[in-house]
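Letters are used for the chains, namely A, B, C, D and E, taken in the order the chains are written, and counting of residues starts over at 1 for each.
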Amino acid sequence: MSDLTATAPGRAAPRMAGRVKAAIILFILFALMPPLASALDDPFYVLIGTRILAYAIAALALDLILGYGAMVSFGHAAYLGFGSYAVAILSSYGINDLGLQLLFGITLSAVFALITGAISLRTQGVYFIMITLAFGQMAFFFFISLSAYGGDDGYGLSERSTLMGIDILQSDFGLYYVTLALLIAMFVLCHRIVMSRFGRVLTGIRENPTRMEAIGYSPFRYQLTAFIISGCITSVAGVLLANQAQFVSPAFMSWHRSGELIVMVVLGGVGTLTGPIGGAVAALLLEEWLGALSEHWRLWFGIFLVLMVLFSPRGITGVLERMGIVRTRQ
Amino acid sequence: MTGLDVKNLSKSFGALKVTDDVSLRVEPGEVHAIIGPNGAGKTTLISQLSGQLASDAGSVSIGDRDITHLSMPERVKLGLARSFQITSILPGFTALENVALAVQARRGSSFRFFGNVAGEAELNEAAMSALAEAGLDDRAEVLAKSLSHGEHRRLELAIALATDPKVLLLDEPLAGVGGEDAEAFVSRLQTFKGRFTMVLIEHDMDAVFALADRVSVLVYGKLIATGKPEDVRSDPAVRAAYLGEEEVA
Amino acid sequence: MMNLFVLQLLNGVQLGVLLFLIAAGLTLVFGIMDVINLAHGVLYMVGAYLIATFAAATGNFWWGLLLMLPAAVLVGMVLEFVVMRRLYARSHLDQVLATFGLVMIASEAVKMIWGTSPLSVPMPEILSGAVPLMGPLKYPVYRIAVIVAGLAVAVGLFVLVNYTRVGMLLRAGATNRSTVSALGVDINRLFSVVFTLGAVLACLAGALVAPILSVDTGMGESVLILTFVVVVIGGIGSIKGAFLGALLVAIVDTVGGVFGPIWLRQILDPAAAGQVGRVLGPMLVYILMAVILFAKPAGLFGRRA
Amino acid sequence: MLDVAGLESAYGDSQILFGIDFRVKEGEVVTLLGRNGMGKTTTVKSIFGLVKPRAGSVKINGQNLTGADPHRIALAGLGYVPEGRQVFPTLNVEENLRATARPGKWTLQRIYELFPRLEERRRNMGNQLSGGEQQMLAIGRALMTNPKLVVLDEATEGLAPLIRADIWACLERLKSEGEAILVIDKNVDALTKFADRHVVIEKGRVVWTGTTEQILATPDVKDRFLHV
Amino acid sequence: QDVPAGASDDVLKIGLVYTLSGPPAALGEQARDGFMLFAEKIGEIGGMETEIIVVDDEGRPDLAADKARELVQRDEVDFVVGPIFSNILMAIHQPVTSTGTVLISTNAGTSTLAGEGCTPNFFVTSYQNDQIHEVMGAYAENQGYQNVFLMTPNYQAGKDSQAGFKHSYTGGTAGEIYTELGQLDFSSELAQIAAFQPDAVFTFMPGGMGVNLVKQYSQAGLTSIPFLSAFTVDETTLPATQDAALGLLGGANWAPDMENEANETFVTEYIAKYEHVPGTYAMQAYDAAQLIDSAVRKVGGDLTDRAALMAAIKEADFDSPRGDFSFGPNNFPIQDFYLVEAVKREDGYFGTSIVEKIFDDYADNYADQCEM
């Protein structure tokens, strides 16, 4: 009855169109934000915006496996950590190129995802949640004990990365637009994967793994591949976060952070790709906004979450559906 | 045409011997029915043949290929397909998508990350024709979870057909197919005769005797009889263990 | 060395019982009703705060405990009625989101009511003091009392779940609610009673450990993950599993934490052993869980669906 | 005993039932007939409140229980053998039988007499049973609630001929003991031996009702459902 | 030196960054209250119209970095005061100091920022982290202990703490243990202590861990073994440990019962306003407020002359409740350190009390690595 996924649709094709439209609208809004912020004389929001976009990438990546593969990873913050420590480690050797940092972060993540994914995929459901948590915590404790990079205190970065020798990222606007570009690229990537043959197999395994085996698929290979892809995309978010904060710390990879990523995905709408982007924006903006209004913002945020679940089973996507703004059912 | 050769297959759950030294030859192109009381081990046998359950002892081969140690997906690739007694479908997919996935498993790589699978005419056409063969083409666009029970049974068959099997293992395909529709269903199965080898488990004796070339009877995990339908039907041991009097009439 | 080993084993057992006491309510709600309740830790915290308040008001631990119980029933019932009953039929992820919200609400509310400074609960007079155990080692009486309470809860739950109609209906209802109700059982009422029981157990655990542990706003969060680990290692839905899981986690933690570095020193040079020990120490529990789930993907006593 | 009038039901936007009317009197055996997907199961689910009807009424012993909670309907005297068995996988056979039992003449003992196979498997979990064993369990479970009206949705699916015959015998005995039965089954031939009346559903509407004699006298219906 | 954007207007803006949610919120609240106590009493800090913006870093470094930037770039504050934790300090240090804004840490004092990473516009009113541990080490050394059991949580600060202790302690150790961060139950460690019977136990267990340890230490009947601690027995944990902590020892740069006029004013007013005893968190933030006040007055409210402002701050011309206070070359304090003990005060509250002075005018060990 209550399986691990909300009823994310298998009928990807006709529903997708609406979501892509919603995503395009979101991206346009994102692109307009910095000029608007400058016009309102608050360029500072660009920096907050960058953080939100980076989390959106992570939420998107998590949705790829959570929404389409029923793999609820509770250790995904580890990949944020690999991405950000890739920046720290390379920069301590004087390598500041964003491309190389991305490559290094992705490589670290791929290896970690390959090993831990192969073990975790022996389990299912809540057991999978907990075993991914275990691996996430191991990564967390590993970085805590990594004295060379400040251990628990973290490691400050003296400057942001360069992009092919150009220091476009030094300006907050530059960093913002590079992050946005990467978000769009990752969205396109995930969207195409979901629509592809591979994506259909992945979704099929979520629906009924025994049936899939009986028609000739071995679920493990597909799930593991998706798991690795998701980890790699999340590490991109980590690289960007490190640049945004100019600081890395194991706090980036604590289980709280993994939990928050899940909250963003579920809040936005599981298995919709666009939803989790919206979820990340909503969660972080709300936090920012409520935090400014009241010292007890957690209370209000909590109430918001509970009401959301009780009255809109499919998160923000569900609300929009009901208002007729997004159509996802036939 | 490929046959199926089963030698000394056994399986126990704890102390319970569910299949006990079962040996069986299914000739190429034959429809071979397996009947027997509830809990005799028929489904277990199918699961062993399809690779879903590992056998304790014995061997299975199709054609002259020994598949005893292959996994379920590997066996499917060699042409061994099964349907499930208890409906097992992808509930959130449409009927068409359910079947198209089965087609895809046999055609080209599934490690394609780009390209819109919903638009692949090649897959959809093959899937439609499998649906049509199972009599479900008019429900192609309906989500599988909103199909009725009888429709689920047809979907089971369509999926199995779509894997393009050489040997098809059918576990009670008629269960839940209503009286009126059952006859049509049997004649549909009849048209598959000769296209591939079939192992058929069924409690519907009308269907068994209409379709089967040979019948084996499994009781408490042991094969107690194999032979032509007429012979099995009149076998007193079979009557006592399974048929009773009413159904033969 | 041998003495220490035996004593550590004993300590492991006692920490295990403590963990089980906290995990017991979670096993019931998560393992059997199949509802993921992240707010379990919060209930545990509320129990501790309640007894701290009542004990301070009456100046007596036992009165505090006695008053805490009806308050806990009330908390459980309100929570069930307002939120949880709407979540039973929902997906696990929805439950995670909603109860995550509850955690935020409750921790903030606790902070608003009781402030951020940790509170104290006095140890009851007759249970304070320690009994001598080998050599200079002593063992606090109160901990013995906690062990006894934990064992009683374990036995009670085991019987409830495995040998009573209520237990059967719960297990049935977790997998197929509509069929259970179509067979004539008011599953909603049953679930609300059991959820309340789980909540009371959580509060009770919080109340019982309050004299030993710090009563602060973080106490719920720090045990939450550990109790999930315990339940998962044991196998979801198994009281026996949760009990053994709790013991295992505790023993690995206590014995491994102490003897791990000692053993490491025999194969590595001391500096390296120290470093490896420091890295492995906090991971031990997680490594244990990963290894168990690798070998038994559904936990020690879990049933593979 | 059971009085269904003008029942309309839908799943989301798609309406399935468009006005179903029939009654089952005390001690009567009624069948629901119809091809796959015509709405038989939906009718039963609507009676039990598992699907909330949009219109129409369900009365049990004169009491209007339209869309009431399922357990209230069951407590009013209805026993349910759901389509697709729905045994509880995490309970063993005996627990499956006892969990929802209510006192009455059906006891564990009698169920085991009816289905000796279940007694042999009494320690197996619900999901460790063969298809047919699960079906027996589902029937036994419904009887253990000691209902006045048993509703069986495809209860003999997957049962061996001998067992099927046993079930028919059992239903006949139930009938003789004064219990009412509403049954959906494809083996109409066997049912006609003791069924009193038949209701044919097509596309969510009742298109024919009548007694067994009337079926035999109506060539169209007879050809479709009977082989005699 | 950069001149921050907000320096030229005539409002004095101060941003406070503290951890005000989650379990460690008690520490952040004390610090905030200590700062506000002075600010509200005097009304206009430095004689200027004052605006104070309080932000909660939630204990999350990345968020803290953003919030610090927000204070500096959007709100254009003149001073940032905070935080409690070292990892937060590391995260906000660069964003704040790089703009020329003055950062005053009232608690965290990490070694990197005391040595090579020192900057002219970063000041500390607490201490360098290692110093408190050195106090306990020196005390153990003075007592002639030969066999001390070290136990700290397994993270950077825990490791630094053992190093700090051993910096001034030369005797042997009965065990050097790292416990899990956030550990609940210390029975296994306590069993080891009981088995080894060391001369003393040295520990560093901030927050709830410390409460648990102290309660269990007394329940296990180990109070006969001297308990030397840092950040374990203080005014934030004493309300929870109460009698269990009585007699346990700690190291500090101050205690609420110090006898001087500034301290009496501070403690009395604090207790009157907040109804609990202030801890060092509150005292050090109170001093930060006094520090800003004194410096701004010295420059006559002209915040654009940065050199003059820095010099004015460096003079530290105010009466600290702790007595002697001056800045060393790295802008970390030079001050006295004491052994303190948990007591029940005359007013019924629990608090720490000075036992003896361990170091006089003590500077940290990193100052000579600082070049500025």
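Observations, loosely collected:
The criterion applied here is as follows: a residue touches a chain if its C-beta (ideal position, glycine included) is under 8 Å from a C-beta of that chain, and two chains touch if they have at least 3 such contacts.
This one's a predicted model, so the numbers in the text were calculated from it and none came from an experiment.
Looking at chain B and chain D, no chain is in contact with each of them. Of the two chain pairs examined here, C-D and A-B, it is A-B that is joined by more C-beta pairs in contact. The distance from the centre of chain A to the centre of chain E, each centre being the mean of the chain's C-alpha atoms, comes to 37 Å. Rounded to whole angstrom units, the spacing between the C-alpha centres of chain D and chain E is 75. Centre-to-centre separation of chain B and chain C, using mean CA positions: 48 Å.
Among all residues of chain E, those that touch two or more other chains are 21, 154, 159, 181.
Shared contact sites, meaning residues of chain B that touch two or more other chains, are absent. Multi-chain contact residues of chain A (touching two or more other chains): 7, 144-145, 298. By the document's touch criterion, interfaces exist between A-B, A-C, A-E, B-D, C-D, C-E. Chain C contributes residues 3-4, 7-8, 11-12, 14-15, 18, 108, 111, 115-120, 122-123, 128, 130, 135-138, 140, 142-143, 211-219, 221-223, 253-255, 257-258, 274, 277-278, 281-282 to its touches with chain E in the complex.
The residues of chain E lying in touch with chain C in their complex are 21-26, 29, 154, 159, 176, 178-182, 184-185, 187-189, 191-192, 194-195, 197, 207-212, 215-216, 219-221, 236-237, 239-242, 276.
Contacts from chain E toward chain A in the complex involve residues 20-21, 56, 59-62, 65-66, 69-70, 73-74, 86-87, 90-91, 93-95, 110, 112, 154-157, 159, 181.
The residues of chain B lying in touch with chain D in their complex are 13, 35-44, 85-87, 146-151, 172, 175-182, 203, 205, 241-244, 246-247. Those residues of chain D that touch chain B in the shared complex are 11, 14, 33-38, 41, 83-85, 117, 121, 128-133, 135-136, 154, 157-165, 186-188, 190, 224-225.
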